[in-house]
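Okay, here's the structure, questions in a sec.
Just so it is clear, A, B, C and D label the chains in written order, and each chain counts residues from 1 on its own.
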Amino acid sequence: MAEIRSLHDAVAGLIHDGDTVAMEGFTHLIPYAAAHEVIRQGITDLTLVRMTPDVVYDQLIGAGLVRKLVFSWGGNPGVGSLHRFRDAVENGWPRPLELDEHSHAGMANRYVAGASKLPFAVLRGYRGSDIPARTDTISTITCPFTGEELAAVAALNPDVTVIHAQQADRAGNVQLWGLTGVQKEAALAAGRVLVTVEEIVEELQPRPGGIVLPTWVIDAVCVVPDGAHPSYATGYSVRDNAFYQAWDPIARDRETFTRWIEENVRTGLDEEAAIR
Amino acid sequence: MTETPAGFTRDELMEVNAARALAGARTCFVGIGLPSTAANLARATVNPGLVLIYESGTIGSKPTRLPLSIGDGELAETADSVVPVPEMFNYWLQGGRIDVGFLGAAQVDAYANINTTVVDRGPDKPEGRLPGAGGAPEIASNCGRVLIVLRHTTRNFVRQLDFVTTMGHGSGPGDRTKLGMPGAGPVAVITDLGILRPDPATAELVLTELHPGVTVEQVRAATGWELTVAETVGTTEPPTPDELAALRALKAAGKEA
Amino acid sequence: MAEIRSLHDAVAGLIHDGDTVAMEGFTHLIPYAAAHEVIRQGITDLTLVRMTPDVVYDQLIGAGLVRKLVFSWGGNPGVGSLHRFRDAVENGWPRPLELDEHSHAGMANRYVAGASKLPFAVLRGYRGSDIPARTDTISTITCPFTGEELAAVAALNPDVTVIHAQQADRAGNVQLWGLTGVQKEAALAAGRVLVTVEEIVEELQPRPGGIVLPTWVIDAVCVVPDGAHPSYATGYSVRDNAFYQAWDPIARDRETFTRWIEENVRTGLDEEAAIR
Amino acid sequence: MTETPAGFTRDELMEVNAARALAGARTCFVGIGLPSTAANLARATVNPGLVLIYESGTIGSKPTRLPLSIGDGELAETADSVVPVPEMFNYWLQGGRIDVGFLGAAQVDAYANINTTVVDRGPDKPEGRLPGAGGAPEIASNCGRVLIVLRHTTRNFVRQLDFVTTMGHGSGPGDRTKLGMPGAGPVAVITDLGILRPDPATAELVLTELHPGVTVEQVRAATGWELTVAETVGTTEPPTPDELAALRALKAAGKEA
């Protein structure tokens, strides 16, 4: 059952050094506030998982908290490269970053297998690609009925999945809507689930395209209005495209980046989250 | 808009021709960036009924401005249906329901194979990191046909890919069939200089059309391999005023948002 | 693209002797009217597929049109046995009925594989059960990562899937909501798709829990108000439980059954469907 | 309702005790028929917060009357969430998220294995056809524990199943582990005569409780194998007036609908 907790306590209670953590979101509903709390608490040696690591993973990587990244497309969507990600991979700054790299189809199916508590998933994928040579989480499997050889991908079961949603009720049931990406699978694949929400409502009203996660598959719900900023929450906010563009020059330079994190995350406005 | 027919850029030639390549298609799996520009322009010009499919889960998006990312809110709000990402890749893409896959690329070789993973930056330098595969390997495998759009430089059009992220035609004809790939693979590479298409016999990319004002020599100089040129090289039609107006309106609306 | 056709023409055009046909629905939205049109047209030698064959399949079987049944639970829900189904299996009347029998989990995954155009699906299923010994569509597969042995089930790809939905628009896009069961998978797994709908609307309004099938995955849409009766369509009708109870004595007796089909399907009220 | 404590039927004893067995459970995967009656009664009595999960895709249904089928409209209308059937079986059931699986049965053997497929009706007669497996094989495998409810007759409680549709404890202790079944399997079989529970050492069903007024001999006579009886056989508490009232109200509401 989900406990409604402060972001500080939920992050401290659920995310530990060395954990494999998925903070999912396909541009929409990205849990920035929770990630910033991880930075403030200095939780480190993380394996981060996400189909589309973007600016928030750039921040965690640049802050030196990440040992390994499991992903399929890493970039600043609509802008360009993730400079901290590149610097870590290319130059090992501030620490080397191990990669487990897939295609979107492979990652999506890895989450599906994880949510289904199966050890692997099957897809017609990676054909003719060099990707399988770089990872041990892709193998092949032969259909027992047709003899066709297909790709097998290992299940993803993060220790913790963190997502942002629009609403929870007082019992801790959560609803998200709009682009819901792979969030349900990521949550159900995880050992622990932390959800930040825009607000608590008396009753969740079923929404078109809405996904409901019942309280009994969630560990903590934290009320963090605008907790997806600069990403957005359909019905509550719009994407802060200017921030994504502004991030490019900030992240290009190690010092600028470090100062930004210091001023805006470690001691900045997000500090309020600690007392919420 | 008061543009004259000659008042267009190389990028606009690329974008307009990329949009034209979508005439007659029913469904298009749209990569972000240039493919998204082309697909949205196609909806505004040659193919108003084109069903845009984005890997974020939207089917039948009808954005009024260029989406800034594949997860743009307007893609969902204007869609016929929004599906979970696993369903998109399994039921819709792998399900063989998409006519055209429209991809960008960092590197392309003579068989329209694509690299978006890493680039070799020379001795003593670490590999340069690119964003990675995204949806491309399975888009290229499963869509009925594939269009590729990118700017034409020797950095992009290379003799040997540093990494094969996404297979186009492999090492030649028959490779796709051998690997059991359902779709026909790349049928055109549209650049800011012209259009390359695979030779039906060899699967090697051949220069078939030049944009107005571009010479074969310019394309050769921008290609990292010894480019085969069709016996008769056509010239693409210049953008019409309507096409240009639609393209610029889309871009302007995207910037405003 | 879906063509909006009369039920008579759609059935005649899309369903042929010898076809494998799935008419899906989990109590809700069962396409009775379309099945009755199949009976009127005498389309025969069918392989019928459904997780929960109920009264409508009892009718098709009793009418002698069915060669084989692929299923996981066959009964008159809330009432009892399907007498025509039992008579065909036990006594071969009016013809023998071949069975391919699964569990619900297996059938659901067979449709998922079919919709995904994969030759098989994987589940942790059938353990300790005698079911696999009776079918050649269950096999085993070994996880290439963990070595665990799992069940593999062959994909289901019906020649035709028939479903009933609440609404279509004029372009033939369809929306169904309420219990949507396995209808999306059954439709996307099929070679041809026939949808009967309660009504055509100017514009489909997104509904909570709604599933949209775009026109370009559908072959024919037929307007058949109450086309799910005695099943129901959420928002349009309620289940006619009295009919399900009344069916039991009708189906118990071969002659009573045959007369009922003659009077109520072959020449009865449903005849109007032929001219709609 | 003016029932006296003694004014109840054998079926009501079975239903009330089946409901009581759900005390403390969070989630229950509910088969139709007796299990659904028991689970809904539990919500009205011992476990108001019990999350009912039906294989038609409903999570957290709160019906006010007994559903007539697992696809009853009210199950969807009152649910916290309605999910596609494949998701139900893969993410929720196989995902190990359900505490209790509540099953009916046509035949049960001494190891709580279940047959719902075919029955042998003797020589010269064709096998009798039953409805089939439904969700049971995977419910019994994947739920945290399993409850079985059925009427107690020698036709139902058999020495040898004619077909093993759904494995309970196989041929004894260790079989479930050997087959990699995540859940603990059947923990109680609740009948109209009493309650049987597997012996922790042998996994064989043992008569542990009788309903008021029932004798061990009656149960033995209704069991098709040589029934083991616990050293101390308890007696179930008679239904309380509240339990009976709730049960009858549920059934009356079901009939009205």
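Everything below uses one rule, namely that a residue touches a chain if its C-beta (ideal position, glycine included) is under 8 Å from a C-beta of that chain, and two chains touch if they have at least 3 such contacts.
Note that the structure is predicted; figures quoted are calculated from it, not measured.
The minimal number of chain-to-chain contact steps leading from chain B to chain D is 2. Of all chains, D has its CA centroid at the greatest distance from the CA centroid of chain B.
The centroid of the Cα atoms in chain B and the matching centroid in chain C are 41 Å apart.
Averaged C-alpha coordinates give centres for chain A and chain B that are 28 Å from one another. Residues of chain C found to touch two or more other chains are 112, 116-118, 123-124, 148, 184-185, 209. Within chain D, the positions touching two or more other chains are listed as 90, 94, 182.
If the chains shown are joined wherever they touch, the resulting network has some other arrangement, not a path, ring, star or complete graph. Here, these are the chain pairs in contact: A-B, A-C, A-D, B-C, C-D. Considering their complex, residues 26-27, 51, 59-60, 80-81, 90-91, 94-97, 182 of chain D touch chain A.
The touching residues of chain C, counted against chain A in their complex, run 116-124, 137, 139-141, 143-146, 148, 150, 152, 154, 206-210. The residues of chain D lying in touch with chain C in their complex are 32, 55-58, 68-73, 75-77, 82, 84-86, 88-90, 93-94, 113, 117, 126-129, 131-138, 141-142, 163-167, 170, 175-176, 179-182, 257.
Interface residues of chain A facing chain B in the complex, by the touch rule stated above, are 25-28, 51-52, 71-75, 77-78, 81, 85-86, 89-91, 101-105, 108-109, 111-112, 123-131, 148, 178-182, 184-185, 209, 232, 234, 238-239, 241, 244.
Chain A makes touch with chain D in their complex at residues 1, 112, 115-118, 173, 184-185, 188, 204, 211-212, 214, 216-217.
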